[in-house]
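In what comes next, subunit A is part of two complexes: it sits with subunit B in the first one and with subunit C in the second one.
What follows is the complex of A and B.
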């Protein structure tokens, strides 16, 4: 899996490509832990390139979200492919995460809140 | 300090065995997951003083993470629960009342759509010290994506 990160107005954006599973989760977890040290931890995870997600990856995202919220920020998801959206909806995690269709509006949502 | 019973919210345990740390056991059709302390647990005192309990205790010691591992004997009594029908062969993890009380969010309740099992995705993917959220997500994922093929693969 490929990870690309950037920063927009102090908001950290992580773009993932490929399978997001138990093998690739540690890299994402490590990145999330690093960026959560900054307060407020405002994180956007762009899943546009992710076509598969497993329970370990979901755990990583939930842990990252909780850590970010503890640090006064949030972790928001955007650009979910249909298979990933289905998994997130079936596991009801769409109630836990704020999910946006585009990256730009996700970044803007932080300034609005 | 006291006993902590690991059961599905719909199941009521009557008795259990433990050995200091988190322990799964099954006695007379009841699946339990027990934590206890020597100081406060009457159950522990019974085990310590009972003549036959030493043998039973030894059988239940250790931690098995895969059914085929060397320590899987400790979990064999749980198969009684499967035979009786209290427990599915493959299902979600049985939670202690303490763990169950922490289920507050909607997504965490997804796991309650299926019955607890002797084994499951939770058993394969999580460690004994896994955070509750990890277990709940694994269970929710299992419930959401469950197929008979996946069940066979897990078993």
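What follows is the complex of A and C.
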């Protein structure tokens, strides 16, 4: 899986491409830990390139979200492909995460809140 | 030096001097330039007689022997003295050679001792970094370099380097030397030009680890060249270091495997001991459940419980994670659900889910995991359930199509408060509830396609007339043949509840 990250203002955007599973989760986990180390992290995870997600990957995102919220930040998701959207809806994680169709509006959602 | 050699041969020189005295000489000396190194005189020496004859013979360009003979001229005296001077020269030469050889012998012995120390010192290391430090230290001394370093590639990472006593070679040149040596398989010796740039002379010998060129031993010298014996020694040390590194890596691999194996066995034990061996007999229900653990155990569980005065309660859960932590959290979750279900009056499934979530939320947060659970109760044709993020749950009424019962709340440990509500089904003969875990629908075939929900739903429709056990086995069978040849990545758990 490929990870690409950028910063827009203070918001960290991570774009993932490929299979997001137990094998690739550690890379995402360490990225999430890095960006939320020193500050309340405002994180956008763009899942546009992810066509498979498993429960380990979901718990990585949940852990990142919980850590960010504890510090007053958040982790928000955008551009979910259908198979990923289905898993997230079936596990009702759509109630836990703020999910947006596009990346730009996800980034903007932080300044609105 | 010369004086020392002569002193060691004092007796022989004295014997030569005495032979001259018995031939009438009154003086015998060995002189370096004009300074006497040894002098022997007869007692009567004191006033040198004018008639005495002075004989001289060179030992080498600076050293000579001198004999003074008063009075008579002995024929052949000069020839005799020259022969003796040659003899002394020969003794000096041999002694010098002997000293050289002795020094070399001591050196070699020192090296042998150091190599012995190296072997002894490194054979007990099981920590790779400590071993590399030790190798750098010992080999630096052996090659008499100013610094030594060991390079080692680790799988999936770039290489790392241990220096002793400190880093003396810039990373750029080290990298250049390492890549070159790795590619050619031959030692890399710094060129004149590189030496000037890097400010040190350096030598790097590639090492093969488990038949791959993935390490190297390097040395730096601020002054002086690496000569042929240094190169040979460095190569021998590189081979030795390779063997030591291999040993440690293999040992570590075995240890890791053993740890993993122990963890797997423990997790299997936890899981197997907690799963009910037989479902209870309940009037109006046909029950069956099973769990197939993956090689790397996940955290699936199922449970039935019937306590007097309470409805039948059941649960299926899946901890997001693998190995021992998942197995332990699974047992905690299962125990918490069991204990809540035993409360009087009986809490509803929604209450159980909510209370267990509150109780375990911090534990789940600490280990970065969560658990999807489906909790149900059955009492006289009424089935009440709460679903915290769990899937697949398939309900097929006796006259109708199979459909997924989707969760309304998030999994335990995701949010501090649970959203899961109670839902009620009237459960008549022929009605069917199949609760699985995602290890079933996420089973993949060789094309990396997933078994998916649609196949599960179709299959439930097809086999719904069978008894619970046969339905369960048919589902397992279908999933197994779909994923034939591919390893099972996740636990697969199935609970079948059928109204009769």
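The definition used in the following text is that the second predicted complex is superposed on the first by the 112 of 113 C-alpha atoms of A that agree within 3 Å, B and C clash if a C-alpha of one lies under 4 Å from a C-alpha of the other, contacts with A are read in each partner's own complex, and residues count from 1 in each chain.
Everything that follows uses one rule, which is that contacts are C-beta pairs under 8 Å (C-beta built on N, C-alpha and C of every residue); 3 or more make two chains touch, one makes a residue touch a chain.
All values derive from a computational prediction rather than experimental measurement.
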Q: Go through the superposed model and pick first if A:36 touches only subunit B, second if only subunit C, both, or neither.
A: neither
Q.
Per the contact definition in the header, classify A:15: touching subunit B only (first), subunit C only (second), both, or neither.
A. neither
**Q.** Contact residues of subunit A, present in both the subunit B and the subunit C interface
**A.** 22, 54-56, 58-59, 62-63, 66, 90-93, 95-96
(Q) Residue numbers of subunit B touching subunit A in their complex, please. (A) 105-107, 109-110, 121, 125, 131, 133-134, 137-138, 140-145
Q: Give every residue of subunit C touching subunit A within the complex, in rising order.
A: 318, 320-322, 365, 368-370, 372, 388-392, 404, 406-411, 413-415, 419, 438, 442, 489-490
Q | subunit A - residues contacting subunit B, complex | A | 22, 54-56, 58-59, 62-63, 66, 87, 90-93, 95-96
Q | Residues of subunit A that touch subunit C when the two form their complex | A | 22, 29, 54-56, 58-60, 62-63, 66, 89-93, 95-96
